[in-house]
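Each chain carries a letter (A, B, C and D) given by its place in the written order, and its residues are counted from 1.
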């Protein structure tokens, strides 16, 4: 990871450290010892031991005058001893994020507005779409926008290659499906696993298929919502990151349910992206650990 | 329906009137005309025309010095002309309600406490159970309690007959499955259709089967909830009356999800019973109209 | 009111009618009779009789082949007999709305995006501001934007005159204070009474003064929110239209509370504007009736 | 503190440890080192450094085969070095809790039902009241109940002495005002500071005084709620533990607002008691830290 946030005149830098390993006694002591050795001060700490998988998860924020190399040198013996999967980043460094969209703009608008407002720790080098409609919105926020027709199987293959190229080219850390209405190939899902997030246009688990709001209307549900989840090759069954619902009543038409659902979609997706960018989302098998 | 609320010295009585018919122009004018003729004043009125079924629904509260017979005589030409399904009741008359339970007491406790507190317009002549555990709770509130072992097919048949007998004996208007853990026969469901409510021990639509909270945990859902619905012979697929959810996170064990879910179950069921008792729940095919 | 929605080839038009008068028997019958005479069909109807003020409120949607003049002629005898304050409009006609802003763009962005998305029944001929910062946002959505420095008392007077001129010039029906950070003069508030809405940058009733989020933080509140209300000359004490809250915890800094609060502000204000534009907000003394 | 939960055949015991001290580097390392020395395994850990007061807060759950004395001996050098206020308890040990009530039973009912259901980690040796009405409810749950008339100043003094005596006699750790409608003397509040919780019969901050729901109705609020807070001598201004709200509309009478508010009161108070009993509530000046 590149450091883009300067340490400032004092040399103090704010680090975020995530650690995952098999649970056993002494981890916290060992990790906190390395931090003390590095002259660091823990400003935020969360941990969780999963009884399901026997895995230990930890997220720390640490203020330290240490350079990355020196900090990593202190951590290395610990991460090796415990066989940890770990990541060290600068707090607030914007995550390089690629957004995929189709025609509906509500999710993209929310992401762009909040990114500019400084509420969302991402940078957006590119928006890719299979439709041209949202180019104006992206341009207003100064974000490059590319659209390609994706109708034939060949075009789909080309578009997926374009996604992978863009990921390489822009050193992308997160791909966001902001109401991108094409099913991705299992190969692409696997290539991007753990760093691709989707917003489900309905309520997982629940109504599936082409027109969930019509199903919801037919059944007379009293709550509708949205689910942000990791994309896996098993469509719409990836680990859930965030869910929201809102109350509705019998007087709502399917069209109104769509409008209400879109609000839930945009706020749910933005929340999931925000947490991911802050390294607050960790995977525990089919579940997520969210260190809010 | 029996009138149990006296009209008082002034002779003024507060009526609730529900009407269902095929939608066409002039209904409101015709109904309000009959009310004017009966010397009534509309104090609350709600209506809904379903685009799905072409059905018109209306619920009125009317203050009038009229006796039931005189009021009905004014309404009769209108209800006949429009082919209305209708009901006239006194506002606040408690609905005769039979409660079925098994071992879990959270829903029964909520119903009993609120009934005594005057917040729930029901009277409870009997609680029937397939287990003896909750007899003390019912007795504390002075409600007769009967339990019968229901293990064999013969016992199940007998118990269902006991339910039907109790419905006749106590002139029951509503049957509430307050976490009654036996599947009812399709015959019984049909006999009681439209006046039997269940609380689903999970979130409809969603995880089904024996252990929904374990499934919810495995998938890492971020919201859990409960659904109150009419019982139909198609198990757990009856029209939805009310739903609630509450936020949970990864740290919750399946046992904690159960406890949290139970709170949602009891408040959701009580709300559904309250609305039903106030004649606020009407059926529109597979959906409910709730005149809150 | 001008009709801007064409009646279509069939001549069928969808009307919204609001009525306010002293409560007494027979109103519904009389009004519905006029509608029947006009060949109309009621598609939505809500009413409320306020026990506080003895006032009757009604909102109707009516499909009719009638022109405005003919419809009004049928209604006139009724509105006169009952001394009604009433309004007749075409369903979906966008309300001419003037928005006032300062520097914070979250509310304006939400209004503009939803207006363009067709979810908000307003047209926006002008945005007025005491700061230039938000001109780009307005321009992206093609809405004229004017900013004037408002520092001295003379400038304030001129700006308020500009507001009144803009109201006349654009035939404005609603003025929205979308985080406009100047106190309006009592004279202006009175001139615009009943058609000017504010979003309170905090939770009414509750913490008042310059820095409510800092107060909320100091007290350790667990919920923060926003209130949309009519502006009266009694600052922040006008009738409440909508309120929302969201849960927070001890880890939130005052800056984070501000960001969270802004989300509540924008969705609360947009909701209030939407209801007002649909003629769903009626005044009952210091309270509002919301026919959702 | 007494240990009432046996350690079981394996000798493994589950401890909860809370620590409060001035924030400085190295605390986590020092504490986790003592736990490693004691052969413990951290199963849950939460910490927070308050920027407002410069105080560091930590709550740990630790599985260990250690006896209390041995564990404390390992901790002592650390707690002394850092000047910690700390507490060590067995996870799940029920807190000895005294409940004070007047006539309204909704909060008491919720506490009793959940205590019996095993969802609330308290034992209830006594309920004290200034009215006899709720004796039957307490007796049903087998909890001793005492009522004393509290009208004169002398009676009030005697009753407060009875409270203090009961606190001593039953070794009370928490006093809960479950809608106790008398103002306590500043002396009593100070004596019990940090271990006495109240449920505010309205929404703090907000409407104060004798009839908050009537005020809320008059103003037409769209949300009502309840606040559980520590009692201080500054009435209703103590640190907030939990708040909840629920949506209401114009059609609610003051009496209905009371009923709705009572639901929020009971669930909010029960939640606050539950967290306190689990040592999840720590004080940071006028605010609370809640380690949920």
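Just so it is clear, contacts are C-beta pairs under 8 Å (C-beta built on N, C-alpha and C of every residue); 3 or more make two chains touch, one makes a residue touch a chain.
Per UniProt, the chains are A, B, C, D = Formyltetrahydrofolate deformylase.
Since this is a predicted model, take the numbers as computed values, not measurements.
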What is the touch distance from chain B to chain D, in steps?
-> 1
Homomeric contact chain A-chain C: same or different residue positions, threshold half = same
With chain centres set to the mean of the C-alpha atoms, which chain is at the far end from chain D?
-> C
Approximately how many whole Å separate the CA-defined centres of chain A and chain B?
-> 43
For chain B and chain C, let me know how many angstrom lie between their CA-based centres, rounded off.
-> 37
At least two other chains touched by the same residue of chain C: list those residues.
-> 44, 251
Flag every residue of chain D that touches chain A in the complex, lowest number first.
-> 24-26, 28-29, 32-33, 35-36, 39-47, 49
Flag every residue of chain B that touches chain A in the complex, lowest number first.
-> 48, 50-52, 205-207, 217-223, 225, 239-245, 249-251, 253, 284, 286-290, 292
Chain C residues touching chain A - in the complex, by the definition given at the top | 44, 105-106, 109, 113, 117, 119, 140, 251, 259, 263, 267
